[in-house]
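Taking it in order: structure first as structure tokens, then the write-up.
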Amino acid sequence: MTWHRQHLLDLQSLTPEELNTVLVTAQVFKKVGERAIKKVPALRGKTVINLFVEPSTRTRISFELAALRLSADVINFTAEASSLKKGETLKDTLHNLESLNADFIILRHGASGAPHFLSRFARSHIVNAGDGAHEHPTQGLLDTFTIFERKGRIEGLNVTILGDILYSRVARSNIWALVKLGAKVTLCGPSTLVPRVFESLHPQIKVTWDLEQALRGADVVNLLRIQHERQRASAFPSIGEYASLFGLNAARMKWIRPDALIMHPGPINRGVEIESDVADGDQSVILQQVTNGLAVRMAVLFLLNGGRASELGI
Amino acid sequence: MTWHRQHLLDLQSLTPEELNTVLVTAQVFKKVGERAIKKVPALRGKTVINLFVEPSTRTRISFELAALRLSADVINFTAEASSLKKGETLKDTLHNLESLNADFIILRHGASGAPHFLSRFARSHIVNAGDGAHEHPTQGLLDTFTIFERKGRIEGLNVTILGDILYSRVARSNIWALVKLGAKVTLCGPSTLVPRVFESLHPQIKVTWDLEQALRGADVVNLLRIQHERQRASAFPSIGEYASLFGLNAARMKWIRPDALIMHPGPINRGVEIESDVADGDQSVILQQVTNGLAVRMAVLFLLNGGRASELGI
Amino acid sequence: MTWHRQHLLDLQSLTPEELNTVLVTAQVFKKVGERAIKKVPALRGKTVINLFVEPSTRTRISFELAALRLSADVINFTAEASSLKKGETLKDTLHNLESLNADFIILRHGASGAPHFLSRFARSHIVNAGDGAHEHPTQGLLDTFTIFERKGRIEGLNVTILGDILYSRVARSNIWALVKLGAKVTLCGPSTLVPRVFESLHPQIKVTWDLEQALRGADVVNLLRIQHERQRASAFPSIGEYASLFGLNAARMKWIRPDALIMHPGPINRGVEIESDVADGDQSVILQQVTNGLAVRMAVLFLLNGGRASELGI
């Protein structure tokens, strides 16, 4: 139940104990969101800066609310019209924000490794809010928390991740959290987007291009968003083809165990990777993921700040 | 003095008692804005989200300040670069925000009926901050509050609304509040923008295209903004023609009673619907409307949250 | 140690006593930024509006954090999509914001004199956050504070300001603060951007186009940002030529005293007006300037609000 890290950069480098510490702490903070007064003073007088070089409204709002509910002061800094557009380097931006006594820099960036790079110089706490196709650790944590909450464990579960694995930071962060905590992970999708080489990452990872095989026996099916605005033409013939080959619909739900969880990081493309009756069905935990995202982000900020859940008295 | 509604969607469905409850509560909150410390703890730990799918800086700021002065946490969510642009439905956006335990969704939307649609699924409080050409209830309330404050009553007053009635949500919300509280409403403007059919809404409504007739005997003249960026070419030959035929200037002020109020929802187009000497004259209450808008919005958030003015001790 | 002004519009009109009052007060607030809880209740229940008609992320963030750490409510108002774009005059915008009981308007504007113009009508406190090529008083104050902090005095120091003096509000505000407090100021840069007429402003000002002469004997060298996105073609042949003729590099550092301070208002253009080894070197105080900017802005808001540092107990 201890935490010694200055930053949260990825899940690949976390130990199972550290992952468990976040999950247990998030359970406490989830209760804060259910109170009449959704606020604790843990980060009063601390400064949190949302440095979103790549825009993302929903992730920004989740972090902003997490910080506000911890009573921190929050500043939103987007790349548009900012000094980054005037040619300032990211490192200089960091040093400027730290000169304002920023305590936390929540960094969203299009380049893989940007938060790791910054962390080499940082006095503040860097939290990776998504870096290129690399990792999105709080998403991985919230997905893992949601599974843990619903299934009571991670160890021994069969988790299928479906979609564009190749370019997905969500997939990578999920994979690391899940295998470290003892789950078996099956990756499925078009062969152009799910290369066999992923199996070399860890012995608990399996790749298949056969959807039925991926869905049968899964305890959890995590669907990735098809980012049709960013997808490479060569890897991806059309949205319609993806929907017909890999979209989760009522017919394919018959291959899925009735107690399996259906997950999606949102925002969902209804009729593309998921049909509405599945998204809104009993097995879907998509909205619980959103709720848990806030709890996990509060937990992360709290732990990085040196807090211990046992001191909270919640 | 009671309030039982979950949402504020329009004024058409409010009872006179409910309208009066808002007005009386707004009187209390107006005093908060005049204090050295303009803050009460009524909404501490609550989350207010400004969901402005259609942009509006001034309405957003008024709601944001109202929420801050009630000690709520406020998040601004504009449509640009948001998940709504990625194809997420409005209903899914609502469910996502509610999964973050949002207590209030302040919705500005270009489509008439959008807040009503959302309210069918909402656990949170939906406040309509303007929906298409339908209603802008807090604007109607602040206008009515301003008249009530200055005239001591609404019943029996003659209120003229002048301009583009056809496409104006401000006009509709004013009309409903005024007729419910017993005022007589005269609608005036170019015949293309003020169809006779408005008279069928309520027996206290009269339509005229004769400006002098509309102004003589009025206790209140409420000028609508000419939204020349949005006006249909067919309904509206030119700004200059509107100004010359319906603009309020010193000459036409002679038709207006010296104790009549001149109102405008802002921002004003000086020299178009109103001349500067009228806008800045003794009879103008345009800036009081802005002040009252904040008081009314605090009252609305407070009432929706279950508060009663008598408990405030202000 | 007294302060009686309603606004901070420029440094040209401040007395040496007033300048010193800001510097002494900023020393107190600098300590607030070094605490675990970076927050004082001095402006609780006050409303600060960042009215940035000309965008500037870094200045906005510094003011926003200053206000938050003083416990004020802060609203950001940028010109995009605002009523200013709908043709509202700046004076009407002021009156609208004051009708919301705004206590402070932080104004950034592209037109020289805009804050002075507004101050003629303002009930609130106007703070100039940069107006055209005129002044940027909090930048001048933070630069002066940084020199004072490091050198222990201003009087008798030789300060060289290098770059585009003609179009620089930073230069003007620095010049006024420095000469009033007894420093000698040397202005240097391309002759097209540093006209001799600046010497007529004050007998302590000297103009030279000889870089070596400007650097030798200086106690402080303040480099201005080359705003290549705004520079007039006629005044400025190329970035490369500027860098080769006036950029501060290791070779030219030999002309500079080893105890001289190197300053820059940021964001820096590495390789243009300053080489990286100079920017990151021992003599550079560029990041201290950022820290001091926050302290100075807290001091300014606090003093305008009628506060006295002696009452703070810090």
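Note that the chains are named A, B and C in the order they appear, and that numbering of residues resets to 1 at the start of each chain.
Just so we're on the same page, a residue touches a chain if its C-beta (ideal position, glycine included) is under 8 Å from a C-beta of that chain, and two chains touch if they have at least 3 such contacts.
All values reported here derive from a predicted model rather than from experimental measurement.
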| item | value |
| --- | --- |
| Starting at subunit A, fewest touch steps before arriving at subunit C | 1 |
| Self-contact between copies subunit B and subunit C, residue sets same or different by half | different |
| CA centroid of subunit B to CA centroid of subunit C, Å | 41 |
| Subunit C: positions in contact with at least two other chains | none |
| Subunit A-touching residues of subunit B, taken from the complex the two chains share | 44-47, 49, 73, 75, 77, 81-83, 86-89, 92, 95-96, 98-101 |
| Touch list for subunit B against partner subunit C, complex | 33-39, 55, 57-58, 61-62, 64-65, 68-69, 229, 266-270, 287-288, 290-291, 294 |
